[in-house]
Every structure is written in structure tokens, then in C-alpha cells.
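To start, the structure under review is shown below, and the notes come after it.
By letter and in written order, the chains are A, B, C, D and E; residue numbering begins at 1 in each of them.
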Amino acid sequence: MEIRVENIRKRFGEKIAIDCFSAVFPVGGTTCIMGPSGCGKTTLLRLMMGLIEPDEGTIIGMPERKSAVFQEDRLCENFSSVANVRLVCDPHVTREEIIGNLSEIGLGESLFAPVHSLSGGMRRRVAIVRAILAESDIVFMDEPYKGLDAALKKQVVSYVQEHTRGKTVLIVTHDEKEAHDLGCGILLMPANGPEEDKAPD
Amino acid sequence: MAALALGRSLLLVSPLDVVIRLARLSSTGSFWASVAFSFFRICLGFLAALSAGMVLAFLAARVKTIEIMLWPYMAAVKATPVASFIILCLIWIGSGGLSVFISFLMVLPIIYTNVLQGLHSFDPKMEEMATLFGVTPLRRLYYFHIPQIRPFLLSACGVAIGLSWKAGIAAEVIGIPSGSIGERLYEAKIYFSSADLFAWTAVVVLLSIGFEKMFVALMKRSFDQMEKI
Amino acid sequence: GIGKTDKEISAVRVAGLKGPTSIGMVKMMEDASIGKSALPYEFSIFGTADEVTPKLLQGELDIAAVPANLASALYNNTDGAIQVIAINTLGVIYITEVGDSVHSLNDLRGKTIYATGKGTTPEFGLRYLLAENGIDPDKDITIEWKSEATEIVALLKENESGIALLPQPYVFAAKAALPELRVAVDLDEEWTRLENGSRMVTGVAIARKDFIEKNPDLIRDFLAEYKASTEYVNANISESASWVEKFGIFQAEVAEKAIPYCNITYIDGSEMRTAMEGYLNVLFEQNPKSIGGKIPDDGFYRAG
Amino acid sequence: MAALALGRSLLLVSPLDVVIRLARLSSTGSFWASVAFSFFRICLGFLAALSAGMVLAFLAARVKTIEIMLWPYMAAVKATPVASFIILCLIWIGSGGLSVFISFLMVLPIIYTNVLQGLHSFDPKMEEMATLFGVTPLRRLYYFHIPQIRPFLLSACGVAIGLSWKAGIAAEVIGIPSGSIGERLYEAKIYFSSADLFAWTAVVVLLSIGFEKMFVALMKRSFDQMEKI
Amino acid sequence: MEIRVENIRKRFGEKIAIDCFSAVFPVGGTTCIMGPSGCGKTTLLRLMMGLIEPDEGTIIGMPERKSAVFQEDRLCENFSSVANVRLVCDPHVTREEIIGNLSEIGLGESLFAPVHSLSGGMRRRVAIVRAILAESDIVFMDEPYKGLDAALKKQVVSYVQEHTRGKTVLIVTHDEKEAHDLGCGILLMPANGPEEDKAPD
């Protein structure tokens, strides 16, 4: 089984964000998406999430239950880490489970402070735990590990791998080393039309 | 200048006179009865409008058709001069209930418009997040909408409480229900008793300030409380 | 209440307004409150006629004391749902002055008058009387219309000599604030002096027509008691004044001084009709709308 | 039910009557003169209050002392019943200017409170950014504060325009300046002319809606324009 | 000449963000600041920026004119890239200069679109140009290159190096390779007190 993106095209006004792009993602596996800044990675994820409609093309085989780490954290600023995670959890997920998950990646000290008072890397981890604990078959991650130092990143990566076993995972990253370390399929997105000629290097 | 002097001579009372009058008034039982009469009715009108305004705003934010349908009503409620429907009000609800109704009508569009504006200015990125995770409406309310409308609701209440008193007392001065503050103001006016007029005006302003301070503080606390889960 | 006959009625429901038109009833009200009245009554005092008229038409009230022109407008606008049963107050409008230059309408030539009541009885009455006395109300004098009596009192206070047209009980309230204020001309007296049978009618008692038709005896008894009450009030001013306050009409202090000048009367039957018709004619000539567009027909007057 | 029926019978006019009356009225010159008279004054009051409210709110947001000092005044302006100061107004500004002033007083606290709330809910992170870069006050206004108050100002105007008409016309019904819509309403009321009453009420509501639509659209456009630099 | 941070301590309520930290930064040079997530790097920058006051300790030798790339972008969302840069520029900086700078790092296509419609990496670059074009003697950069792909990063790094010649630059980064590539001094911040024992790995 696989998720198929076929001849998809999306423009915002004049701007062509994705120009006739196709790809296939294996269900139950992890795929890294790479490409230059502005090539449409985030837009591709939003299309697959069903948040925006493509102008042309189809997406086939998307599971119902989705979760995501967005490029920005998108947390409820005045609520605590625990509350932010609970927001997306099924009722059967206990408070202990949430606290356990947060503690596992080093947030045990700041469980109940409003997330606006957390450091950048801490907020990122809250967003990651939220994506993991939400009931889902596919997890979208848009540069999930940015802002984490090397040691922490290792820890978080293994936390994510452990908790997404069997799920489809799409990870956008700019770090080739990271992509190779994950040992997964890599999808390279080309810079899109008008930007192509001006693509750096 | 002449007008100013005229105004001053008309007052004919010093602030001290007003304070003394106020002290004397407040030692009578009927003073407190009048205060209770008007306070109860005006606050009832305010609270009813607060609830109704919020409910309508939430409905309108969810269903665009409702917003469009409500628009002419709200515009009419806002702009229709009281003089145009006072007779109908008196027929339907009598002078006793008039202040409840008029204060309700004054507050409703303020709450509705502000809360709706608050809901409309919700960050689309958070909206996307909620959609993706399939956040339930109840949780949306709790996590997004209530924090979102907070500043709008606070400013709406800040202004609506004062105006509900203004409008409610005006309704009492028109309907003159026995035992209301409006009746006292009416009497003070027709007997040219400036000390009474100012004393009762001070009472109205103080009641309004007191209620506003209390209510807004309570609201802030419950907002804060809600975020501490 | 509609449809009940004499025997079924538990109480006659009577309404008055806060103002001079209710003063004549206070003796009845007092009697009713201690259970001594001839009929069982239920009195209520309202702040505004806007509240009384619908209640009356709706059958929640049987009898009400209201301004004269309102009675006519109501009759015309409801296809005769009410009838006037008695006049209870005559003119209560006075020309007052700080100073001593005005003693008759003629003295007003060339002067400036502050006045309230534009578009209502005071304006129509004043213009009529001026015209009848050969004074052109638009050329010979200046009338400055104000919307609030209080504003006029403030203006009088400022001027060494000022002239104002004020109704009761404002005249007395104003005198309390401005002791040198003097009643210069009584418009009612001037009106009566014309001797054309009409009077300056201020307040009347009206009743629902169906109530009158179904309870002719009750009405007769009511009017008799009303007449007696009016006479009692005019004869026992200080006692009545305390009742005026007791029933929330206005303050006793003011009432005691005001009652003699409030022109509380009782007129019914054909005398009522003549007085009223003449008065309504005056209003009609100045502004038909003020009495509901036309002179009311015979059905307006309860035959005595 | 009975009350409803009665209300209907008292009205004694069908909507059609009102429309006919309106058509007849609007073909007279004095109709347009009255409309112009009231429109001009009420809008003047509104615009003055809009400017004053915004200026005061900006000052109050900058200097806490000003906010504290203004608070009791605003509370009093909001809550003081018109009956309490109508005489002073009539003496000082006359019946012609009354509607300007009363509409001003109604609008001022709404604009002030909403704009102030908007300025207060400014993101502290952006504030830090501005401080660090030493952004000039004028640029702060343009880049931060104006976009920030946008939703608050829009909802304030949405509600304040309607209320300025309500209050302004009420003031005209009290002061009865010649040639105003308020005078027409007053006459309609004392002469029990329901068709006129409703026709003029409709005029007021339509004027208010028209002005609100136009003004809010204009405001949105200028906001959008400002962001396009 | 140097900037001296001496025995600085900062707490937020119960939370100790920086516990008795000292450091010296050479004026006119670049320094990288590294340390685990939540160790107080951003807080240190904010203290040096003068946005918050230390509870104890002093900071000596800070120049007046500062600019920064914040950890979050902190852009005016509804304004264009050009407008966002102009916000902080002296009047003598011309529009052409701003457009030139933006184009230099690949933003020439999106000069006038509101920044909320830009991709994550594009927004980051706007924030960088803003920090560069503001008149300043010291530039704070909190993870400036996150969200940029390898090729772009190289381009942006050289853009920054060229335009900050002679200025004091403090760069917070989690990428050791990046720090070494810049060839500058590296300041390691220890995990602070209470978090230390829980520091990852």
C-alpha cells in the first residue's frame, strides 16, 4: 500500500508554489523530503494534510487520522505543556502518560509553565510530543528537530522512531546527514518553476 | 463664558452639599431599596445580554448565514432610538421591566460585535492545527476561542457595564417605576433639587464603577484560571 | 376584564399619572386603602401616559385620568374605544415673572417669554389667548421655546427680570428655588374671561366604552364618589397633600402649596361637553394632529 | 398573545403604509433638510469622538498615569444618565448642538476602551524587537499599533456608529431643535402618528446602516492600503 | 576592547535561567555560543540586549547600537519583506539598497508579498537582512541559519560575514560543524543548575 501524489499543482495568486509534482510514499514507512527553501515542501504537506486543495492533480490513499509537527510550533501560548498535549489526545490518554512522554525528552522540569515562557528547543519538543500522542496513522513533520542540540536531537530522534513504529512518517529536513542517519527513503523536491533559475548555487 | 456662569449658578450646590445629602440618603432604608431595585434590574439586563451576545456571536462565527441573518437585527437594535419603541415596550413589559430590557438592548450589540470580531480575528495557522488534529468543538472553545475573545470581551464589558447603567436609568426616568433610582432622579429634576440630582447621579456612577471593577476582575480571574489546567 | 358585567367585577381598576390630574382622586384612594370606599377599587399611579393607554385599551384598566388632548387622540385612533366621563383638571398654566411688569396679557407686548410645551397645550393655549386679546403671537412678542422647565428656571435665575410660561407643579417647584418668582397671569382665568362656554381643560377621566356600557351603575357610583373626593381635596388641602405623597403622586410639601393652583375640578354632563368641545376646537385650529386629526363626534362624551 | 395583538392594533399601520409614507416624505425638500441636519451633527459627534478616543487611548497606552487619571472620567462618561446633565448641556450648548455632544459622549468611551485594549494586547516579543532596533515612535505607530488596533477599532466603530445615532436622535427628541429628525419623531409621538413614527425610525436605521457600511469599508481599505508599502 | 559579562544571574519566578555565568566577548569579532536546549542562551542574549535586567552581576562595554536575528522571526506579518526591512533602517538607506540585499540571498521574487505568505526559510532570510541593514555595532543572532538548506546556508553565511565585517557578532548555534566552519571563538554554556542532572545523555 502506498500514498500517491499525482501531478499536483498549486498556486497562490500569481505565485506557483508547486508545479506539476508527483510522488509515492510507502505506507508504514518513513520518508524524508528535501529541497531548497521555497520549493514547496510545506505546501506539499498542507496539501496532503487536506488543509488546502490542489489546483490540479490528486492525492490517493491518505489515511484519516493525521498528526503533525508544523514548521512553526503552533502551540497555545498561555497553556502549559501538558495542556497543549492534552488538547489533541483522546480522552483515554492519561495525564501520567502525557507527563511521562514529556519527561522522556527532558521537559520534566517545565510541565506546568505556560509554553510562552519555554525556550525555543523546549517548545519544539512540546510540539513533537503533541504530534506523537495524538491518535494518528500518518505523522507530518516539518523540520522537527531544528533548534535542538546534537545530544538532545539524538534522544528525540530515537523517541520519535520508537513511538511512530508502523506509522507513515513524512519528515521535511534540510540536513542531509540527518536524512541519511534515519536510513529512510529520501524524496528530493526540485526548486519550482520561476524560482529555479534563481536557485542558490 | 456667560453660559458657564449660568451653569454654575444653576448647580447652586457645593460638592460638600452633595456628600452630605448622600450621607443622609444612605442612612435611609428606602435609599437601599431603590439601589437594590435598579441594581438588580440593570445587572439582569446586562447579564442576559452578555450571555445572549456571546451565544449569538459563537453561532454567527460558526455559520456565516446566521451572521448575515442577524446583521440587520443588530443594526436595528443598535440604531433605533428608544423613543420609537418605548410605547411597545411599555405595553409588552411595563415600566418595571423596562430598564431590564433597555439595558439588555444597549449591551447586546456591544458584546455581539466585539466577540464576533474576536472570533473572526482568530489565527488561521492555529485553525489549521485544530483541523488537522481533529480537535473537538468543546476543546476548541476552551483552548482557542475563549483565550481569543478575552481582550475583546474585556473591553466590551468595560464599556457595556457603564452604558447599561446609563441606558437602564434613562429607561427608569421615562417609565418612572415606583421605588427605582430613575424615579428619584425624575423627582430631583422636577423639584429642581440639584443636591439630590447629583447625589443620585453619584450613586449611579459609583454603582456602575463598583460593578464593573468587580465583574471585570472576576472575569480576568476566571480566564486565568481556565488557562491553568 | 372585557365582557364582565356589574356583578362579576371584583374591583374597578383606576389609573392616574404622576401629576396634578391625579390629585382629585386621593380621597378615594385613601378611602379604598382603608376599605371605606363605596366601590371596591384598585388604584395605580403611572409615570407616563404611554403606559396607561395600552393597559386601558387592553382591558387591564377600566378608568384613567389622562390629559385632555390625549383622550381625544385616543378616541380618534381607536374608533371610539373610550369615552370621556368627566373633566378633572382645568388650566394649570401660568405666566410667571421675576419682577413686576406684567399683570395682564397685554403687558406682554414686546417682551420675551421663555416657555415649555412646544406643540402641546401650553403653546396652543398661549397662542389662542394672545390672538383673542389682539396680540400677534409671532410678531408682537418673542417666545423662546425650551424643552425643559429646569432650563427655564436657570434662565430666570440669571435675569433680573424674566418672564416664563410654566405649568403646575413646576411653578411651585420653581418658586421654591426662586422665591422672588411671581404668578403674573393665570391662563385659565384669561380663558374663562372669554365667556364662550369653553374652558381650558387640562385633565379628564376616561373609561373604556364597553366597560361603561356593561356597568352603567358602577360608573354612576364612581362619578359620584369622584365628585365628592374632588370637593374634599379642595377643602382639606394639607390632609390631601399627605395622601398625594402617600400614593406616590408627588411630594406633600409641594402638593400642599400647589393644590390651590392646580385647578382641580369636577365637571360632567353637558357642561363638560361644551367646555371640552370649545377647547378641542382651539387645538384643532392650531394643529389637527394634536387631537388625533379631527374633532371627536358625539360618541366621545358620556351622556350625563 | 393579547399584548401582541394589542401592540399590533395600537400601531394601526401596515408596513405598506410606512413605505408609502416614507416615499411621500422623501419627495419633500424638508425631509432631506431634516436628514442633512441630523446626519451632519451626529456624524460630527461620532468623528470627533473617534479622533479624541484614539488620541486619548494612545496617550493612555504610553503613559500609565494618564490611563489612571482618565479612568474615573471615562467611567463617569459611560454611566452618567443623560437626565443628570441634560440641563447643563442645554444651557451650555443649546438644543442644536446637543446631538453632537451626546453622540460624542456615547462614542468616546467605546472607542477609547477598545483601542486601549487593543494597544494593551500588543505582543511583548514585537515590543522587544522594536526596542532593540530603536524603532521610532512614528514607525511603531505605523507598523505595530495601527495593525494591532485594527480589529478592535473595527468592532468599536461597528457598534459605535449605531449607538451614536440612537443617542443623537434621543438627544434631538429631548432638545427638539427645529428641522431635525428628532423633532419629527417627537411630533409623530405626541400626535400618535404611527406611520410617521415608523417611517422616521426606518430613516434613522437606514442612515445608520448606510453610514456604518461606508465608513467601515473605507476604514478597512485604508488599513489594507497602509500595509501595502 | 571587550564586552564583559560578569557573574550574571537571572531567574524567572522559581526558574533559574542563568546561574552565575561569566564570559568575555571580543569587540569586532564573531563568537559562537553553544549549549544544550534551555541552558539560557536566549536569556543571555536578552540580558546583553538590555531587554531584561539581571538579578545579579554586570555587563560592561555593550555598544549602543544593536541589531538582532531573534530565535523566532518576529516580523510584521502583514507587511512585505521590503517594508519589514525598512522598519529598522535609517532614512538614508535607499529602497534599492534594501531590494539589492534581499535579492542577494534569493528573495528577489518575493519582495512585496506580505511575509506571512513566505516560506519558513524565506522569512528567516528577511529577518537576517533586517538585522544586517539596521545601523548597529553588535549583531545578535539566535540560530540564524535554521531552516535553510545546505547550499542556501553557505550563501547566507557568506552574505552575513561580508556585511558584518568589523562588527561584534554573537551567534547562537546547535551545529558544531557550523561553528567550526565560521572559524570563530566558541563559548560553551553549561546546562544550568536544576536542569543539569537531567541534561540529556
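The rule is simple: contacts are C-beta pairs under 8 Å (C-beta built on N, C-alpha and C of every residue); 3 or more make two chains touch, one makes a residue touch a chain.
Fair warning: this is a prediction, and the values are worked out from it, not measured in the lab.
J.: If you tally contacting C-beta pairs, which pair wins, C-D or B-C?
T.: B-C
J.: Could you state the distance in Å from the CA-based centre of chain A to that of chain E?
T.: 25
J.: What whole-number Å value describes the gap between the mean CA coordinates of chain B and chain D?
T.: The mean C-alpha positions of chain B and chain D differ by 16 Å.
J.: Any idea how many Å lie between the Cα centroids of chain C and chain E?
T.: 84
J.: With chain centres taken as the means of their Cα atoms, state the distance from chain A to chain D in Å.
T.: 49
J.: Note the residues in chain C that touch 2 or more other chains, in rising order.
T.: Touching at least two other chains: 54, 58, 150, 154-155.
J.: So which bits of chain A are touching at least two other chains?
T.: As it turns out, chain A has residues touching two or more other chains at 72.
J.: Note the residues in chain D that touch 2 or more other chains, in rising order.
T.: 3, 6-7, 10, 87, 91, 186
J.: Spell out all pairs of chains that touch, sorted by label.
T.: Listed by label, chains in contact pair as A-B, A-E, B-C, B-D, C-D, D-E.
J.: Within their complex, state which residues of chain A touch chain B.
T.: 46, 49, 51, 65-68, 70, 72, 74, 76, 78-80, 83, 86-88, 114, 130, 134
J.: Taking the touch rule as given, give the residues of chain D at its contact with chain E in the complex, in rising order.
T.: 125-126, 128-129, 131-135, 139, 143-144, 147, 227-229
J.: Along chain A, where are the residues that touch chain E in the complex?
T.: By the definition above, chain A touches chain E via 12, 15, 34-38, 41-42, 71-72, 105-106, 108-110, 113, 117-122, 125, 142-143, 146-155, 174-176, 194-195, 198-201.
J.: List the residues on chain C that touch chain B in their complex, please.
T.: Residues 18, 45-48, 50-51, 54-55, 58, 149-150, 153-155, 157-158, 169-170, 173-174, 176-177, 248, 250-251, 254 of chain C touch chain B in their complex.
J.: So in the complex, the part of chain D that touches chain B is made up of which residues?
T.: 3-4, 6-7, 10-11, 72, 74-85, 87-88, 91-92, 106, 109-110, 113-114, 116-118, 120-121, 151-152, 154-155, 158-159, 161-163, 165-166, 169-170, 173, 182, 185-186, 189, 197-198, 200-201, 204-205, 208-209, 212
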